[in-house]
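See the structures that follow.
Okay, so chain A shows up in both of these, paired with chain B first and chain C after.
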Partner chain A sequence: MKRYILLFLSVSLLILSCTETNPSGPDPDDFDRKAILENWADNIIIPALTDFSEKTESLKTAGNNFAENPNQQALESLRDQWKAGYLALQHVSMFETSKTMEIRFRNNLNIYPVDTAEVKENINQGNYNLKLPSEIDQQGFPTLDYLLYGLAGNNAEILSFYNSGENSSDYRNYVVDLVTRIDSLTDIVLNDWNSGFRDEFVNNSGNGANSSIDMMVNDFIFYYEKNLRAGKIGIPAGVFSGTPLPQNVEGFYSKEFSKELFLESLTATQNFFNGKHFNSETTGLSLSDYLDFLNTIKNGTDLTQLINQQFEESRAKAQNLNSSFADQVEINNSLMLQTYDELQKNVILLKVDMLQALNINVDYVDADGD
Partner chain B sequence: MNLSKSLLIIAAFIFTISCDTNNTNDEIATPETYEFTRNGESTVSFSGQTTRIKMSGELTSAMTDFDNTTKELLLEMFRNQTENGADANPFSEAELNAATKNIKSKVAASTDFFSTNTAVSSEIKTQFETWLTAQVDEVFPNENIQAQPGVAGQIADGSSTRYVSAKGFEYNQLVAKSLIGALMTDQILNNYVSTSVLDAGTNIEDNNNGITAEGKTYTNMEHKWDEAFGYLYGNSSNTANPNLTIGQDDSFLNKYLGRVEGDDDFAGIAQDIFDAFALGRAAIVEGDYELRDEQAEILRAQISAIIGVRAVYYLQSGKTVLEQANPDFGTAFHDLSEAYGFVYSLQFTRQPGTGQPYFTKAEVDGFISLLEAGNGLWDVTPQTLQDISVDIASKFNFTIEEASN
Partner chain C sequence: MSTTSISTYLNSYSKAAPLAVFRVFFGLLMLISIVRFAVNGWIQKLYIEPDFFFSYYGFDWVQPPGEWTYLIFAVCGLSAIFISLGFKYRFAIITFFLSFTFIELMDKTTYLNHYYFISILSFLMIFLPANSYFSVDAARNPKLKAEFIPSWTIDAIKLLLFIVYFYAGLAKLNSDWLFQAMPLKIWLPAKYSIPLLGDLLQQSWVHFAFAWGGALYDLSIPFLLLIKRTRTFAFVLVVIFHILTRILFPIGMFPYIMIISALIFFDSGLHTRILDSISTIFKINLDAFNNSERYSFESPISKKFSLSIVGVFFLFQLLFPFRYLLYPGELFWTEEGYRFSWRVMLIEKAGYANFKVVDPETQKRFYVDNTKFLTRFQEKQMSTQPDFILEYAHHLEEYYQNHGIENPEIYVESFVALNGRRSAPYIDPKIDLTTIKRNLKSKKWILPFNDEIKGL
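And now, the complex of A and B:
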């Protein structure tokens, strides 16, 4: 009997320390979910995709120019377009739809580290099929990173691969293939939104497992956890492998770009949470408002406030990092780990507290690693 | 938690009957480590089991080495000899090539289940060889083709790439997970902890009189029990205290005991299994064969449960993926290929107190044919996966929820 009393007391304590919404408070169903979806689609996702597709178009042009005339100026220009495109990608990568999943959009655009041996074999032998799942690490922005910065130790030697080395035309063709593919995949996604999917998305405004809100929130948290927290910081810092893996950073070959990409992605995810319109100071309806409506409190503080605070903490820690994460990992990995820890705290707030408040279930399981 | 309830019942039973024995020895304590000696020297030995675990690891890895593996190589690794029966050197680890052991001879080879059933044993060995050759004949040629119903090839599983047959099965998963049943589980539960092996020949008399095997420090009976131990812990970095690294020491039974131990619903199973091995071995040293056999029954219940739990876990994982609005088929096929192997392994489990597995070969073949019907995993429905899960869970003492979360 004593055991059960103890159990009852500890369970009660557990419940009391959890997130609570105002007991006589609002029903999630009373919130205008459709309005959130409209804000997401019309003021964030489609504008960000449109911007990204313009950048991928410019990237394709720069790639073609470079292939026609692989000189230093064209290389710089191509690198600039690559950077602009890579930054813009951070604003669209978190959004999954049936179309992005069908064409494996994120994985075709941004898988790193690059399989450089296979890339070289593709170029030398010419028999590659970038549509294959097995070739996701031989294309996209990371492989362009390798081809524009990683082939050799200085610009002159890099350029020689495209000018005078054997297979120089194959190298040029591969660059063109990559930028062409990035642009065409992006067009597919944007066209899908613009030719019917936007309405479908916005009208699917219920709150079941297959509703737009449920799926988009799950995808957002998945992106935050796997791509932002683990992919950009945790994996290179060795959190999951025991030893740091500097070669697993985003932007490994260009070296100085990792931090910029990370900060851009952090901003993009925070903006989405707050409903901030793409490339604007205006804020519309989003998860922050939904949580405020539900009066979601955790340990006496507004959950929305806690989440935004954590974004700020993460940003503050990241500011201390070297712009080259590969270097940071080797110079002082504990700063990377501190950044990871701050990001991790928001995983709890988003994946546990926020989902509980919104009555949304996690729809993905951490793989068994089998 | 039903497993611990059964354990409680078994323990109570043991307590009752141990009071009735004529054994005047003090109660035998469960050793904390698996260390046993005679005249100051260790008597623990299971090198053959370690060898076969390593061979199995190389075999299953080789199945996805598109550049170097051939049909002949896979069969040689399975048999550790050439087609003509001559000595082969298929492994990369030298000591495996030097070994006289092989996997094939111990697949579906337990005394209790197969000594008078060589026809079925042969069928099962052939099944493994069919999967090995199919990987090279059917899947290898389609390495760079995208899999579709009826077409073998590669398929995305998140950012991983899986290689599947025309029916969506990963043959390397079929082999790896089926070996857990046909080799490790069958040898432990139906061979090495069985009285038919432990008490064979003059083993009892020799063990009673401390008569060791020729040139060895152990009695035959001690050694047989150790060989059971070796199929679970044989590749551990700390065989005296294998729970320190449980789950990390191989890709077979050890790994999945670790997985089940990591599920809150079953936590404690790793200790229960280790204790049964250790106490059974101590009982042998003291000549208490009733106590020994009680531990064998515990091992049968608990190790069989690992197979049942993981079968349901992977069936349910695959089912969850297939029920999504946009199923990631590669992810589902990976889960369900593992499920196939654990389902296949059910025929090698052992119900305590009986001479039977939890599911007969016929029943297992029935489940398998449901998975293989039509275009196999391309066609299988969540309902079918649920039905099989229900059948399995209800035979054991756990719920589907417990196994799948």
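And now, the complex of A and C:
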């Protein structure tokens, strides 16, 4: 037996000496993956969240002002803050963390279509609990969309719900509850990043299913595929149902913002891919640089360029869309479907080509391989 | 070889210790594997949670029996204990073979060459007298007890290991592996955070060294293990190689199984010492098994039967991996004849399959959300393998027939990237997959591979 213990010892020594006698590679070859995480956290995610939380703060103020004094001017101001917040949300929605999943951040803020019947019942009965998973489609930006634009055909009638209706105070309270909840959920997420999670995120720079890069990339692609491609374009265009579903458009009641929201989200995803700092022209390390480094794509074309090109194709196609997607799918759905097709091409580049090059698995099952 | 030398060989005997050691460790490692599988929650995740399971052609009748799946795993684990003890060995090894193979047949999503290896190895062991020495059976049955067994019963295991290594080496003789270092070039750089090795794995020359070293290892190791002078050196290589693969890739128990299996190549002296140590620990009287008897089969017929089965088994093992020659097209692309052939770690495929359902009556068309039907793991496997795609399309056909579309047409828009190449269209998008029958014939509806991979 001793001989074999000796054998095992010499083997482990051999493995060690193999690695130690060869100096580690020259620096240019050594891509710093941790720097990607730092760029994401410090220059994109936290600034975008900070900006969003300022906007939700203003939204909360505007909501309270409106509730105290529900006139035309307060309504306009609340609508402005709502829109600014909704656009800012497009820059943070894709970033999932264990905290955002725990509080269902994305769903609580932006699930549409709104269940208007339930919203009315909540207001009339007063016995709602917005923390329940069953009530995600009765709050957030889409429900505000309904309450600020969709209650009636014109502003005067909408305002009458808040100042002269039989339960106008319940309407006002509901608006306050919604803006308060949006703001407090956002604070939870931002505080999480600012109080320790940032370091945890950046230091989890290893490889494997639970590393920051793998998880972020999976979430990024999930967001692009489900929320951007399907949620904003595919589902209303009837790609999954066979018939267009105009009421499933983002910003359905305000009508004119669905295109703007979509384009903002498209820009945010492209910026993330390229590592572009939030609200700045500077770019830092991100997936595009990582791909350039790996450059395992062999037949001449580089993947970073292909993906960026496809982002541009999608944007160009979407320029021709009506600012209201609900109108668009009813007037000329084929243009909507063409936009979907352009978005779809990037799903393949991101999910097949990029994931292969980065060697990140789409599944989280850490089963054995060959 | 003349017939007399064959019959001399078949009537030659060796010490039974190597096969007994093999049996003890095989049972033990299988037990650990099963327990590990259960502890990781994989029974639940892989066999109970999914709504749909992919079947091997002709084995659609093998389906996970819901919660009873745990029982199959329990039976499999228990039989592994019996094998290790050599208690009711024949019954135990048959039970193990059947339960393990049943588990593997339940869903081909989880196919691994390692699992196939375990299945056929346990099948082979049914016909070997692994319980004639150092076993409960032999202790209780003096007629069975034998210090010597036919040499071929030990050599059969060596031959199987020989085939596994050598065929795995042959499969590496292709241009992607040798001249592009693919798919290692994709896999290794991602292991940047491994201590000491991480930086090295970023270097191109390391990828090529691993590729050529791996091929050379697989092709030469069976010979180095067979030759007495190089055996110890070869075993050191086996340990290094498998520990490295364990560090670099998620391959579970397999490295340990291969390291322990390679012990069978050593002379009986080593095995006797191993059994000695075990005997000392568990206070077993090893000498009681040293009765100088030769193992004799229950009857001449049972000997002939065992020999013929083992003969046919090896003929099959030698030929079956070459069935890919019967299919046109690039093997790595179509994967027709890819499984059960010791093609290990040769391809990195990523895919995307988008299914379109058309109702010919209303001309209504829509796309399927795969996550409604498959787990992410199943979807990943499905999107790169044609037989999965077809089976899934048929499943969708049945589903939509039950949901109001009398005669749905199913099309797939699919893209696959192979070994770092740009993704390319995979299945003909104009083919209504409901019109295609599942069979083993060449699949004409796979689009051609626009590149060439040279080699075996």
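Note that in this section the second predicted complex is superposed on the first by the 330 of 370 C-alpha atoms of A that agree within 3 Å, B and C clash if a C-alpha of one lies under 4 Å from a C-alpha of the other, contacts with A are read in each partner's own complex, and residues count from 1 in each chain.
Methods note: a contact is a pair of C-beta atoms (placed from the backbone, for glycine too) under 8 Å apart; a residue touches a chain by one contact, two chains touch by 3 or more.
Everything numeric in this text was worked out from a predicted model, so none of it was measured.
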item	value
Partner touching more residues of chain A, whether chain B or chain C	C
Partner chain in contact with A:98 - chain B first, chain C second, else both or neither	first
First (chain B), second (chain C), both or neither touched by A:215	first
First, second, both or neither for A:132, with chain B first and chain C second	first
Contacts of A:107 with chain B and chain C, given as first, second, both or neither	first
Contact residues of chain A, present in both the chain B and the chain C interface	363, 365, 367-368, 370
Complex contact set, residues of chain C against chain A	42, 45-46, 110, 112-114, 180, 185-187, 189-193, 196-197, 199-200, 202-203, 232, 235-236, 239-240, 243-244, 249-254, 273, 277, 344-345, 348-352, 354, 359, 364-369, 375-377, 379-380, 415-417, 420-423
Contact set on chain A toward chain C in their complex	1, 7-8, 10-11, 14-16, 19-20, 22, 24-25, 29-31, 33, 205-207, 211, 234, 238-243, 294, 296-299, 301, 344, 347-349, 351-353, 355-370
Chain B contact footprint on chain A (complex, rising order)	98, 101-102, 104, 107, 111, 129, 131-134, 136, 210, 215, 363, 365, 367-368, 370
Residues of chain B touching chain A in the complex	143-144, 146, 154-156, 158-159, 161, 173, 259, 317, 320, 324-326, 328, 330, 334, 338
